[in-house]
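Just passing along the structure, written as structure tokens.
Residue numbering begins at 1 within each chain, and the chains themselves are lettered A, B, C, D, E and F in the order written.
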Amino acid sequence: MRIEDMTTEEFARAMKSDPLVFLPLGATEGHGPHLPLSTDSLQPEWLCEALADRFDGLVAPLLSYGQHSSTRNMAGTLSLRAETLKMAVIDILESLERHGARKVVVVSGHAGMVHLAAVKGACEEFVRKTDASVMVLTDYDIAYKFPIEKDPEYPDGHGGLIETSRILAIKPELVKTKRERAKFIDPHFMITKDPERFYPQGFVGDAAKATANLGNEINEFIFKRMVELIEKNFEA
Amino acid sequence: MRIEDMTTEEFARAMKSDPLVFLPLGATEGHGPHLPLSTDSLQPEWLCEALADRFDGLVAPLLSYGQHSSTRNMAGTLSLRAETLKMAVIDILESLERHGARKVVVVSGHAGMVHLAAVKGACEEFVRKTDASVMVLTDYDIAYKFPIEKDPEYPDGHGGLIETSRILAIKPELVKTKRERAKFIDPHFMITKDPERFYPQGFVGDAAKATANLGNEINEFIFKRMVELIEKNFEA
Amino acid sequence: MRIEDMTTEEFARAMKSDPLVFLPLGATEGHGPHLPLSTDSLQPEWLCEALADRFDGLVAPLLSYGQHSSTRNMAGTLSLRAETLKMAVIDILESLERHGARKVVVVSGHAGMVHLAAVKGACEEFVRKTDASVMVLTDYDIAYKFPIEKDPEYPDGHGGLIETSRILAIKPELVKTKRERAKFIDPHFMITKDPERFYPQGFVGDAAKATANLGNEINEFIFKRMVELIEKNFEA
Amino acid sequence: MRIEDMTTEEFARAMKSDPLVFLPLGATEGHGPHLPLSTDSLQPEWLCEALADRFDGLVAPLLSYGQHSSTRNMAGTLSLRAETLKMAVIDILESLERHGARKVVVVSGHAGMVHLAAVKGACEEFVRKTDASVMVLTDYDIAYKFPIEKDPEYPDGHGGLIETSRILAIKPELVKTKRERAKFIDPHFMITKDPERFYPQGFVGDAAKATANLGNEINEFIFKRMVELIEKNFEA
Amino acid sequence: MRIEDMTTEEFARAMKSDPLVFLPLGATEGHGPHLPLSTDSLQPEWLCEALADRFDGLVAPLLSYGQHSSTRNMAGTLSLRAETLKMAVIDILESLERHGARKVVVVSGHAGMVHLAAVKGACEEFVRKTDASVMVLTDYDIAYKFPIEKDPEYPDGHGGLIETSRILAIKPELVKTKRERAKFIDPHFMITKDPERFYPQGFVGDAAKATANLGNEINEFIFKRMVELIEKNFEA
Amino acid sequence: MRIEDMTTEEFARAMKSDPLVFLPLGATEGHGPHLPLSTDSLQPEWLCEALADRFDGLVAPLLSYGQHSSTRNMAGTLSLRAETLKMAVIDILESLERHGARKVVVVSGHAGMVHLAAVKGACEEFVRKTDASVMVLTDYDIAYKFPIEKDPEYPDGHGGLIETSRILAIKPELVKTKRERAKFIDPHFMITKDPERFYPQGFVGDAAKATANLGNEINEFIFKRMVELIEKNFEA
């Protein structure tokens, strides 16, 4: 199911049934003092594996690096240029297509705009040149629709309640027990050399309220919505 | 005030007061059967000129072309690659900075994600290399906060109530009198060769309700919010 | 007739008659103390509109930026890299072709060699990939054949007699009344960091002699020659 | 120790001691019917983790994709362009350097010439721009010096005795029990569309003789040599 | 004197006197039925060697390939993209500068506009980044000022009277004895897939009149003018 | 036989017999105090001409510049970026193919890994797009198989016994009579700003033992092996 664990022959055999191929796009990015740098890798990888299980699909190897704008100076954020990321996604999609993939679901854990646009731009170029079908989203397109109680003082965001809960559900040993709450300072559309100053604590939201239970609920919510979407998109 | 109308000496003189320089980014894009292809050029140009008036700033020449994903096959949409747009914005910013500009406000009329990411990515690269201050946004970051009555059946969007009203206020002679209402079909995150099919009428929202009065109110709302933001961002 | 003023449907309808599409390439460039920075935009835009009128053609939106070598340090010259310009022209031509354009006339107001080569190189790449016919020139390919009296002491050039006269005919309100004459210093093929020193007054020729009448004659001369060329090139 | 498992603060703290940072470059590539597609990822990741343990260093996240020439048509080989790989390595190195890394060891599991040149070229460009020290090699630069008995009929290579033994030592559950031996057909320097025909069985060497014991010996041999080299290179 | 013939130490020694370095840019291009494909290489190489002799300068190795637009489909024309040529010229200039060259004269044998713009654009980028002085021209900037008798019916051009005479003077054994005269068909600014049709015989002018004597005179004329220009440009 | 010496018609005629086309890739690189900077140009040019003679093939013009890593700071080494070299080789191959070449042998005199990978990468991209057959190698792939007596103290390499002997055979007037022996310092996989320090004398091996006789033997050895390979590769 994980392409990296298969031999070339196993992969060739699996491709004969025209399976869904899931491509998890991760990142290495500061997520506050309580979450690991791999936060944006763990989530899409978990989701892709769950979906591949459900649909008898394959999971391509995780791309561990993404593009980062506002967090790029936070210690540990390792960022590709947007151009590099776009080229890498095109190359991976073209490789999959050369081996017969015709249905690909790209899931990005990181949801930065420049990052997502590179990924989406890659998918657009790929789709124009092939007959493959591509679905592309960040799991946060769905996660932020989960009905958590709105905290007017600590609106949720990067490394906040939802994200911390999800990692507590996926890989609790990497989450620190000391978890605080933090606010975002609105940059008012300014582009600066030091955008990390808009994240004084490095994350946004009330991570103190995060629980593994809530994380499981959110993960389940995302999973179910993805199942519905995939059925609509690829089985019609 | 419009850079293109000045001589080189007038421009040099004007730069001595360290003025705000406004860069309007336009587009040539299908906006339904009632709006001109220049819809996304008219709005930022109007806004930049109003703001330059207010702040004694300068307006750089309009860039008439942007990047388009979902509307690229609509007749009349003329699209740059994201790479081209990013390079052009970098080149223009670097030219302005070479001549002394230190405070630049980039306003994009088009709000597509890949387009905006190219613009934002350009500003980020520029800011890292210079000491100039850059503010970048689409006027729709503000326009969509204007409190119009929500129409649950016809949610507003591309070429809809707000956009049509604004063009009625700015350049009514280019708006057709027959104006309808239209729905968007959710693409469910699919990337396709023919994304225009998600816009069966080429626009989204209830354009029939649009009026110049409403357009003036929205334009005023955007203008005022921009004035506040610019005062905060550049006068602190 | 101006693509930007049309709706998507009007554009689609107009394309059915296989019209000539005119693409005016402008620039923002210092042209001496008497001419506006838009000098090289005003001329091709005027010409393209006149020709579109004559041939029932369409005019694509002006590209307001070009590439500048010798004038790049003059206040107000906003320059794209040659690579950016070439990519932009390719993108615009490919967009036009995607919507059915098969006969394109590209008119560049700026006549710098590196600029023109970027434009010509773009057209060459485009032509090799499509069946469209492309004519490309600067209006100065024709303008400099207009029989003005040679002034041995003040040979005409950038911002000089011909160019000033043409702008006096097209947009007199942007031309200063104080107009002088200026010489060019031969750079003897040297490439320097400060090429503007070869234009001590920022322009070349006897602008003092310029008149709107002469400008009208020259514009007419260019227009007529263009009509002949277009008839030969596209109606054979 | 693994950067991806650390929080931003843990990473920042760790960087204060000026640690060695190990960057494992993996690949997804056909390695015959008995080895997993991740063969070239497992080896450098194992080595980097062992070395980081030994030197109190850090391990950057694995890059799971490389560039492939001769195996690119084998089912499951997912290949980046050389340009993409080079850009990605530059981006990762620059990110590490921005956060204070001054001693980097890049270990590539894949040893294809075009792949390695992209990696080496990236390191060269990086080194010219910074004061960081970079060591770059493939573990096969050392592995092929391990004194295995030469089999004149089945010379060892891609997916052969050494590689299979090493994976048996690192991750035996991914190695098939049926293991054969295979020959390489010399391409005589021809570049072809179907270079996989020079690997009729998809690998080269006598995989049948591979044992976990031998793999442990080879891994130990590589580890010890790396320890020596690193001590010489970074502790002088 | 020819860099390629020197050892590294001889080159290092020669650079100590801050010599002029001449870079001949050649081409491989169809020049009619009577001239060799190397015509545009022979001329700048001859000129650079003569000038290096005169000024105790050095000659860099010939770049044998250029960019070709109108002749690219003529048998034997081997053309680089403009981008490749520009990058190559930048790389060579930067290499020379790294080794101490501060005065460079670039002479291009080929005079196509896109080719020359690539060369000039390369020199401009180089000059902005260094303190080296660069002179760049094609020998035809001077050759076409040689006062040959104007033949109104057969105006001179590519492979014509001047060029044939010069090759007769430089390398007569490569010039065919059967030499004709040919006309150019004006392309009227059209860009076409088959631009060679504007050269029905593959060259332009009255090659039948060419003589080695005339070639020697023209070469001498170019040489003398170059000597004057170099003295003015570099000895002031 | 040498393409540069032919007219366009001679070339066209020659192409009709579907000849082998040899492309010699040279370099301008420091080769110790006794060898000329053109050492890596002289060898492939000699070989290509000998092979073209033998097979009635054609020789394309020498590309005099290559990519250099470890010797790039040695006086006289003129280096292209790997990207430039790759693009140039693609452009030349595509030009040859456009004129009908279907069998190309690329011989690189320089054997640096990044250089060769650029050349090989170019050939791979070319081969995927055409039906041409391409053989690519450095003559040192064969030369280092010539059975010279191993000198354990002075192992042979860059500018050493083999290379010096070959140049003594090909162009003795460019080889200095004072010839020494030199050792290479192992860089232990470190990438440094000053890689020339690993070549304290600028070359590697016992050049003092070099003779023209040995050079002739080695050249003959390479020639014969090439003849065999070409017969196998292109005549089957």
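Basically, contacts are C-beta pairs under 8 Å (C-beta built on N, C-alpha and C of every residue); 3 or more make two chains touch, one makes a residue touch a chain.
Everything numeric here is computed off the predicted structure, so don't read it as measured data.
Peer 1: How many Å are there between the centre of subunit E and the centre of subunit F, using C-alpha atoms for each centre?
Peer 2: The answer is 26 Å.
Peer 1: Measuring from the mean C-alpha position of subunit B to the mean C-alpha position of subunit E, what distance in angstrom results?
Peer 2: 48
Peer 1: Among the residues of subunit D, which ones contact at least 2 other chains?
Peer 2: 83
Peer 1: Select the category (line, ring, star, complete, other) that matches the graph of chains linked by touching.
Peer 2: If you draw each chain as a dot and join those that touch, you get a single closed ring.
Peer 1: In which sequence are the chains arranged about the ring, given a start at subunit A and a first step to subunit B?
Peer 2: A, B, C, E, F, D
Peer 1: Sort out for me which residues of subunit F touch subunit E in the complex.
Peer 2: 3-9, 11-12, 15, 26, 28, 30-38, 41, 60-65, 72-81, 83-84, 87-88, 91-92, 95-96, 98-99, 174, 176, 202
Peer 1: Over in the complex, which subunit C residues touch subunit E? Could you list them?
Peer 2: 69, 82-83, 113-114, 116-118, 120-121, 123-124, 126-128, 133-137, 141, 188-193, 229, 232-233
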